[in-house]
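Structures are listed in the sections that come next.
Each of the next two complexes has chain A plus one more chain, namely chain B in the first and chain C in the second.
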Partner chain A sequence: MIKATIHKTLRSAAGKMTLAIELDVKKGQFVTLYGPSGAGKTSTLRIIAGLLSPDKGSIMVNDSIWFDKERKINRIPQQRKIGYVFQDYALFPHMTVRKNLEFALDKKQDKAIVDELISIVELEELQDRKPETLSGGQQQRVALARALVQKPEVLLLDEPLSALDIRMRSKLQDYILKVHEKYHLTTILVSHDIGEIIKMSDVVYKLQDGGVEKVGKPMTVFASNQLSGKFQFVGEVIDITKEDVIYIVTVLIGQNVVKVVAQEQEIVNLAIGDKVIVASKAFNPVLQKIEV
Partner chain B sequence: MIDWGPIILTAKLALVTTVILLIVSVPLAYWLAFSKSRMKPVIETLVSMPLVLPPTVLGFYLLMAFSPGNSFGAWLQEWFGLRLIFSFSGLVIGSMIYSLPFMVNPIQSGLSGLPSSLSEASYILGKSKLKTLFIVLLPNIKPSLLTGIVLAFAHTVGEFGVVLMIGGNIPEKTKVVSIAIYDEVEALNYAHANTYSMILFLITFIVLLSVYMINGGYLKKFWK
Partner chain C sequence: MNVFSGHISDIKVSKSLSIVSVKLDEHNLLKTILLETPETASHLKKGNQITVLFKETEVIISTEENTLISIENKIKATIKNIEKGALLSKVILESSIGEIVALITSEILDELSLEKDQKVVAMIKVNEIMLSR
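The block that comes next holds the complex of A and B.
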């Protein structure tokens, strides 16, 4: 579906960096680009969208060439037929929710898709409001719906959920998965959140300093050695304290704080702020329904 | 009773100048806001020159250029039958150059102040640059457009040096209010000078006040 070889020298606040990336995305896959800030995630997305031109390389989508330096082909964004959700949503402030979606329509396209998308992302009540009166999560849904109006085959999401709180995030992840399935999209997401990546993606590209460090299924990429854990969660280390001969590591998993006992050799490479997998095997968890 | 000719002429001049200037300035401001050309600083300087240059300098060079005794002026007259000195069309061109930065600068800063993702989103949705400019960008810089229009209008109403240099003082053709005031004072007709001055004073006050009211959102508060 998408085969891309990208070379580009980028100048950022941190200095010069060379982006050298190969992507091979199959039709219908949900792919995530993960990595620290400045690793080249957003630039890669912008290059695929045609908002940034690589110095060398090629981009092929479904056997049509979007970019080829040697053959001097470079399709402008208007000719690439993609959906793109910006980090700041980029909703047009002077148009209502519905107008934002209608603006996206192709010249002779049927307007029915606008109603369909409004109902999928549940914006019926808000369709005559201007973007500035909506919450972050609502704006996000408008941006997602607008990106899908032209029925693109490729959906690019640039950290769309980073500004939202955990509950909102989880809800929007479900919306994204829903449209990914329904419209048979091939989706590329930029994300920092390991939990989100494991929940959503088939393949993750771990980027570091402009190159691909690891590619694979999220669980393989994020767990350094293969665990056969029955029970595992991703969390963030928020504290490490020493108690006699052992260490107590406090981990934030979702909104829950968990304390884990660790040996000295386990914490050598751990620092506060690290992402960890908390796993346990060979025990039988008990389920209990919470009455709300 | 004062002669209303200069006032009508001033209003006509300011109106014509502002309309043509708006049409010229939008593409120019767009280019200045988004171009990466090496010529950009030079063009930016030229556009802003009238801000600091004495109007008489501008008027003098325009007078030289438009004069039929000069090759450019002679060419204009021969090919287009245009005689730009001591005529209304000459005044319009002079005022346009004189008020250019007042129209271009607000539009340019409005455009470059918009997040780039707005136009990018529009391109990705398959819309051309022209459509993006008119349907996405310009509606979002209405305050800047209004500021540009009003400043250019008010500035043209108040101009003196350029008009005097290339327009002279021909009643009904080039005698605008600011020159009429000068005339009346020279003739020691202080009462008439005062009436003209008061009219200019009030027009400028009302025009600028309405810009600040609209851009500051004060009017919206009253309407709601």
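The block that comes next holds the complex of A and C.
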């Protein structure tokens, strides 16, 4: 689907950095770019979108060439079938939700897609409101819907959820996964949140200083030593309490809080806010059916 | 967590399950059951170095060496230290593979009258041992 070889010298406050990245993304895949600030994540997205031109390389999407330095091909963003969602929602403040979506329509395009998207991201009740009267999560839903109006093949998400609180985040993640599936999108997300990456992506590219340090399934990339335990989750430490001769570590996994008994030696390097893998063997948990 | 390093000495496979034996030293072998096979996890290979992990709460202490009991993993040890708490006690055992920590109730500690320098056997069930590369 997307085959890209990108070379670009970038100048930033920190100095000169060379972006040298190869991407090979299959159709329908959900890919995440992860790495410290300045590693080249956003620049990579902007290059795919056509907002920034590489010094060297090529970008092939399906069988069409979006960029090829040698053949002097460089499609403008409007000619690339992409949807782009930024961290700040970038909605038109003077337009209602519906108008914001309609404004994104192509001249000859059927308006039906606007209704469909409003229904998918559940904006029916909010469609006549102006963006400023909406919460951050609601605005981001509008931005997501707007990015899909022209039925893109590739959805680019640049930390779209980082400004939202954890509950809103989780809901938005579900909306993103829903549209990713429904419209058979190929999605590239930039994210710092390991839990989010594991929940959403098929493949993660770990970037460092403009290069790809690691590529693989999120669990393989993030678990430094792979545990054989089949009952594994990534969570965040929210509390550590000493009790008798043990410690009780409270971990937030998604929206669930779990507690783990630990020894001093396990908690010495652990602080509140740290990401941890909670692992147990598949032989230990019990299942209980919930009667509804 | 109790963590030891060893080498895989045997792997028995049936469908998606494996029982892996890890040799820790001359006298001690720990067996673990996994929902993995050499096919699904390439590091499961005879001779490969591997780390075994088990929680302190899963260590059973017996004062008798030849108990008939359905626990495969037994390691001879000597009690090095006891930290007694209100409900739980931490028992530190010295063995040929290194220190093993067991967490047991203070009640059973008293009942068995476990004390420093006593010779005991530490036991761990196969399903309580995890492997890590």
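FYI, the second predicted complex is superposed on the first by the 241 of 292 C-alpha atoms of A that agree within 3 Å, B and C clash if a C-alpha of one lies under 4 Å from a C-alpha of the other, contacts with A are read in each partner's own complex, and residues count from 1 in each chain.
Keep in mind that, in the parts below, a contact is a pair of C-beta atoms (placed from the backbone, for glycine too) under 8 Å apart; a residue touches a chain by one contact, two chains touch by 3 or more.
Bear in mind the structure is a predicted one, so any value in this text is a computation, not a measurement.
**Q** After the superposition on A, what does A:Arg167 contact: first (chain B), second (chain C), both or neither?
**A** Touch partners of A:Arg167: none, neither chain B nor chain C.
**Q** Under the stated touch criterion, name the partner, chain B or chain C, that contacts more residues in chain A.
**A** When the residues of chain A touched by each partner are counted, B comes out ahead.
**Q** A:Ile76 in the overlay: touching chain B, chain C, both, or neither? Say first, second, both or neither.
**A** After superposing on A, A:Ile76 lies in contact with chain B but is clear of chain C.
**Q** Using the superposition on chain A described above, determine whether A:Lys281 touches chain B (first), chain C (second), both, or neither.
**A** Once the two structures are laid over each other on A, A:Lys281 reaches chain C alone.
**Q** Going by the contact rule set out at the top, does A:Lys178 touch chain B (first), chain C (second), both, or neither?
**A** neither
**Q** For A:Ile246, using the defined touch cut-off, is the partner it touches chain B, chain C, both, or neither? Pick first, second, both or neither.
**A** second
**Q** Once the shared chain is lined up, is A:Lys26 touching chain B (first), chain C (second), both, or neither of them?
**A** Neither partner.
**Q** Have a look at where A:Glu266 lands relative to chain B and chain C in the superposition and call it first, second, both or neither.
**A** After superposing on A, A:Glu266 lies in contact with chain C but is clear of chain B.
**Q** Report for A:Lys217: first if it touches chain B alone, second if chain C alone, otherwise both or neither.
**A** In the superposed model, A:Lys217 contacts neither chain B nor chain C.
**Q** Starting from the residues of chain A touching chain B, keep only those that also touch chain C in the other complex, and list them.
**A** none
**Q** Mind pulling up the chain B residues that touch chain A in the complex?
**A** Residues 115, 117-118, 120-128, 135-136, 139-140.
**Q** Would you mind writing out the residues of chain C in touch with chain A in their complex?
**A** Of all residues in chain C, those touching chain A are 1, 32-36, 41, 43, 51, 53, 55-57, 83-90, 101, 103, 127-128, 130-133.
**Q** Any idea which chain A residues touch chain B in the complex?
**A** Per the touch definition, chain A meets chain B at residues 49-51, 76-84, 86-88, 90, 92-94, 103-104, 106, 146, 149-150.
**Q** Please output the residues of chain A touching chain C within their complex, sorted ascending.
**A** Residue list for chain A touching chain C: 225-230, 244-246, 261-263, 265-266, 279, 281-284.
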